[in-house]
Amino acid sequence: MTARGPIGGPHTHSGASVGRTMGLVAVALVPATAYGLYAFGWPALFLFSGTVVAALLWEALSLKLAGKPVRLFLFDGSALLTGWIVAMTLPPWAPWWIGVLGAFVAIVLGKHAFGGLGQNVFNPAMIARIFLLISFPVEMTQFLEPRPLLSPGAPGLAESLAIFVFGHAGFDAISSASLLGTVKTALGQGTALPDILSNSHGLLPLAIGAVPGSLGETSAVLLVLGGLFLLATRVITWHAPVAMIATMAALSGGFHLADPARFLDPATQLLSGTFLFAAFFIVTDYVTAPATGTGKLIFGAGVAFLTFVIRTFAAYPEGIGFAVLLMNATVPLIDHVVRPRIYGRTRSGEPIRYEER
Amino acid sequence: MTSTTGKPSALARLFGRAGKPSDDGKPPPGGRSPLYLAFLLGAFALVGAALLATGHGATEGPIAERMKEDLLGSLALVVPAELHDNDLVHDQYAVEAPGGEPRTIYPALSGGHVTAVAYEIVGQGYGGAIRILMGVASDGGLLGVRVLQHAETPGLGDKIEAAKDDWILGFFGLSFGNPPKEKWAVRKDGGQFDQFSGATITPRAVVGAVRTGLEFFEANRERLTKARQGGER
Amino acid sequence: MSDDYRRIALDGIWANNVVFSQMLALCPLLAVTGTATNGLGMGLATTAVLIASGFLVALLRRLIEPEIRIPAFVLVIAILVTIVDLSINAWLHDLYKVLGLFIPLIVTNCVILGRAESFASKARVLPAMFDGLMMGLGFTLALVVLGAIREILGSGTLFANASLLLGEHFRILETTVIPDYKGVLLLILPPGGFIVLALLLAAKRSFELRRRAAVGTRGGDRDVGGKEITI
Amino acid sequence: MKLFRISGGIHPKESKELSADRPIERLPLASVLRIPLQQHIGGPAVAVVDKGDAVKKGQILAVGRGMVSAPVHAPTSGRIVSIGRFVAPHASGLPGQTITMRPDGRDEWGELPAPIDAFGVDPAVIAERVAASGIVGMGGATFPSAVKLNLRNRHKLDTLVINAAECEPYLTCDDRLMRERTAEVVDGVRIMRHGLGVGRAIVAVEANKPAALAALRLAVAAGGFADVTVVEVPTRYPMGSEKHLVQTLTGQETPARALTADIGIVVHNVATAFAVYEAVRLGRPLIARIVTVSGGAITRPGNFEVPIGTPVSHLVEQCGGFRGTPERLLLGGPMMGQPLASTRASIVKGVNGVLALAAAEAPTGPIMPCIRCASCVAACPCGLAPFDMAARIRKEELDGAVRIGLLDCIACGSCAWVCPANIPLVQYFNYAKGKLTAEQRTKHKQEETKRLAKFRADRLEQQRKAKEEAMARMKAEREAKKRQAEAAARVEVEG
Amino acid sequence: MIEAMGILLGLGVALGGGLGVAARLLKVEGNPVAAEIEEMMPGTNCGQCGHPGCSAAAAALAAGSAPVSLCPPGGKALASALADKLGIVSDLSGMADRGSVIAFVFEDLCIGCTKCLKRCPTDAIVGASRQIHGVVDDACTGCEQCAEACPTGAIVMRPETDTLATWHWPKPADRLAA
């Protein structure tokens, strides 16, 4: 009926849209984010909004440069989410330029350099995280104990603005390493694990999030809540998170049993660092994960395995970022090898045979 | 080599010319004989080898000279020139270090008396071995410490380089006793040395290495400070 | 004739640039371009080898049989580089301390074998040397630009240690672009090299596309013999 | 009866309530009927009437050509106005050979073949009648039904499955047919069972048609037909896909690139069964069918018995015309139906619905880039990775798309229905399949060309040789003559 | 020193000899690419490319002395296939994509001279002396030989149009025309 030639079927649609999917993920992120903003106060709020706004601006700029319709893509929610996730992985009191640069790396280098939405091989937020971690090892590893909003000891509005703009003078004095960082350093000195853990936080604060850590990654309980919401709304499937958690539990459990003085117990491994955040919000990223259920299982297990290896045997206390990027690189291979069985064919692609009738 | 039947034999196919040279003097389509090619490439190799030999001969002396200058340059940083009148490299000798390996000692002599010694020590840092050159006065005080080579994280651990930070200069004048031996550690470990932002392992490695270097000096003080004649090996 | 030389020059520096068009020699490229100075040194050393190898290969081209040309070229190049390596060590020792590790890499630099095979072995001596010079300058240009960008963004300086390479007169080149700069560490590391190279390539492509769009597309049969050498 | 699960599939909004309660109506005849000669898969039929001829209802207009083809009959009595090219009921809107007739309004039957004693004759007789009546698969596939009945000659068959799933949204024509003409349908099913030479028939109806199920069950029970089983299958698109229906009923997957007949089962549509009843019991050829007219842009949706050749515009007019401007105008259901280029095109044997969808019913979202969400992989009933195939086709890697299963795609549209990015996946697949066929055709033509060129070269060579030989012969003859003459002369001289 | 020179010499001799032997033993006769290209050509030897037949054109292509766009009947499709085959990055945007064409005879103008019949490389034109000629669409390759031969201009090349049998769905517009 139009001059462009006939429109192909089907002529009805489920109503699903990219924007709706992204919106649901954002909703799932709200509890953990809200807690992070509360726990780390005004500076965290400034950093969060700065990063998200920067992500949107970089997105708009990239779209304009690429000659794509800015309005359509800018509000599909993908840039908002990327900026959001980048902000959640930052130390809560990091200065503004960390967030802006992180958003630049994620959006421009991690996403648009590959061709924009849907084309990137690597998770943009993880690229930003690794870029920042390698480039600014000092700023990216200075965490602090939560100082809830309006509590005594929390910085006021003006002071927070100063932290956001200029960075925190005398940051060293109040900074404290994350649990994984502390463990790594102490193990390197030859201290046994039980001694290290005895004067650190217990598991309950780890679960609630009352520990030093990145802006949005501390509260395990709220992250799991968001993840369950995504599972319930069918935005994500169970495969990757379950594979990731199970593999980590099994691996760290085995090693811990073999030598409790050297290897962390599974509960601490699962609850600390970025692990649960990654399990529900990073490895479930559509673009950079395999398409099939089996593929997702392999992917999740691979991320957990590499994370364990890096956390335990390599130089970095937290290995998720590297693990995710390494596994991202294997996704095309996984998708090539692991395909659904085609109807009427065997797994190897030959037509099914029935015995002569 | 072509057989009389007009059909080349197997041997001729390998070593003879495959066909008549064409009129314009270009090689025949079958290519040159393998023997000729062997000779040609051999000749190339020979001429090349001769050239290399000449080059090597011409540069050998200057290169050795430059290497020595480098070493002297480094030594000058940890042993002030006014403390000695000898050639530190020329007078080097070896002493057995803990672990049984020989350690090269560069003695600084003034009027035949040992005023200081310099030697190399190794610390284990974040990114592997850190090679450190230290100079110790005969009274056990540090004259200078310099990092020769390391693989620490740039921007974090590389503040141990004198070019990047003054930290390493802080060792000047210190000795066992100043501070006391048990204070030879980074602050985090209860010592008196500063670590720098974000990194503890690297300064800890350097402080530890310097400490073992001083221990080595203490253990061998007698041998190291005994007057020696230049050239004794 | 002069047209030929103009074409060689244009090819070497822009149209068929070693790095930006042929995408060759990426290994030394990424390894040495942490600073502009290192890039300049490597570029000049490579240029010297390119000119010399162009000269030798063109001179010997009638002697070298096609069957053994590759080993013969490799031999010529290896000998040249070794002699350059020894000479720099002996007489330009400060430069050697900066570049020492990378000079032997020139042997495996595919540009040199590539030019020997695709140009010098078919050309007379003078054009072959000129081609070597221009390819070398193009390579140097790429290295310096890449090094400068990485150095400014990565450490906030430009041409640091230039005096070591070029002598005390050139100390004026050494600039601190951004004082009190923390430095983006990743850019000095090899991944930074990849990122900056990719951005430069994108910039060149975009410039050329825009220029072509401005000139207007000429249709055509220009593809004859237009095969790129991809060694 | 135990049913089996199929993987994939979707649950689109059914929208059947628009027309499900409307009984089948007969409409006034259109002033002109245009009957395409290609209403089936296979060779087009060849007209056996001429312009100006008067024809009776049911009279044959065109005969099938070739093994796979079907004849066409006059839907009513009247006069042939023209035989020529006219816009076809096809997405392309291209013209096809069409017989145009003007009804005389008397609707007089011509001479019909005698009814057959369905169960007393050889199955071949039934197949023959089905072929002569021009019956084709009426679910939309339009494969000549007799050819499928004759599969008994080459395959070992045990079951006839009657596809009454009607899984496409909006469509209710089969539902109404089963409810209103239950006895005829059941009789048709049994005739086909006999014609196929098998012992049992299964009628599969989706669970969303309880009235039809009840009616069928009642009729089967009342008749005491042990050879017919009525089965309720789950409501899930694409249950009406023949291979998936068979798997639901038997648990057996039809091998790729094979027919269900390879596992002993032949599937026919329920409307075909009714047509077979009419052809065998009454001698009537297929000249009309039940069509659902529905969609938000139709004033009065309903189910109609429509003579073949009725223009769509006539049908729409009779339904009260359009309500607003339709966003999409379709022949068939919204999932697999074809867009209609012009309302002047006619209803043909395979058209089960005419839909005029309002803007709110049709997908109108912008096409976004694929975000690899893999919803399409989960929805695909054939175990394919549609997003991957589409990406390859977009880059013109057609062979790559074939390697990962393009030819196993049944174009059901489940993938595009779930796609959050609104990517026209099905159109990509249709494009690729069409392009591959075209390439095949080109290659074939090229080979043919080479053969022709060689043939010509050989011929020229032969001609040249013949000419040379002739020349040589003439020369030899001339010389022989000369020699003879000389010899004669010599003789004369000597003599 | 002498030792090192000896080693290099030995290496040179051995490798040079080895390469010479290898060059003899592993020699490839002819150019296999040319044969493969010939397979791709229309095969009518129509001569529009300026080469004496498709096989000569294939040889020229394989040698790199002819542009991939040389074959008018093959059109853009063949040109891009050839470019792929030869690994050439070629700008074919200027090449008109004329699609496939076939000959058409205007009956009013045809005088039945049979000149076209004799030129057609695939015998795609039927007819006899003093009778109007016709084109067998399926056999015509669109090589234009007949149009050139026709003294009255009765033959024109017409684009092949889609029919119900040949039509297929067009490729969806590359996303986001907006």
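The letters A, B, C, D and E name the chains in turn, as written, and every chain counts its residues from 1.
Heads up, the rule we're going with is that contacts are C-beta pairs under 8 Å (C-beta built on N, C-alpha and C of every residue); 3 or more make two chains touch, one makes a residue touch a chain.
Keep in mind that what you see is a predicted model, and the values were worked out from it rather than measured.
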(Q) By raw count of C-beta pairs in contact, what's the busiest chain pair here? (A) A-D
Q | Most centrally placed chain - per-chain CA mean versus overall CA mean | A | A
Q. Using each chain's Cα centroid, which is most distant from the centroid of chain D?
A. B
Q: Determine the centre-to-centre distance between chain A and chain E, using the mean Cα coordinates as centres, and give it in whole Å.
A: 54
Q.
Using mean CA coordinates as chain centres, what's the gap between chain B and chain C in Å?
A. 29
Q. How many Å are there between the centre of chain A and the centre of chain D, using C-alpha atoms for each centre?
A. 51
Q | Centre-to-centre distance between chain B and chain A (centres being mean Cα positions), rounded to whole Å | A | 44
**Q.** Contacts with 2+ other chains: residues of chain B
**A.** 31-32, 36-37, 40-41, 44-45, 48, 52, 153, 155
Q) Which chain C residues sit where two or more other chains touch them? A) 67-68, 71, 75, 182-183, 185, 189
Q: Spell out, as numbers or ranges, the residues of chain A touching 2 or more other chains.
A: 6, 8, 72, 135-137
Q: Name, in rising order, each residue of chain D that touches chain E in their complex.
A: 38, 88, 90-92, 94-96, 366-369, 393-394, 423-424, 427-428, 430-431, 433-435, 437-438, 441-442, 445-446, 448-450, 452-453, 455-457
Q. Which residues of chain B touch chain C in their complex?
A. 27, 31-32, 36-37, 40-41, 44-45, 48, 51-52, 55-56, 58-59, 62-63, 66, 69-70, 153-155
Q. Quick one: in the complex, what on chain A touches chain B?
A. 135-138, 141-142, 172, 185, 188-189, 315
Q) Which part of chain C faces chain B closely enough to touch in the complex? A) 63-68, 71-72, 75-76, 78-79, 82-83, 86-87, 89-91, 93, 96-97, 182-183, 185, 188-189
Q: Using the touch definition up top, name the residues of chain A that touch chain D in the complex.
A: 1, 6-14, 16-18, 20-21, 72, 76, 78, 116-119, 286-287, 289, 291-292, 335, 339-345, 351-354, 357
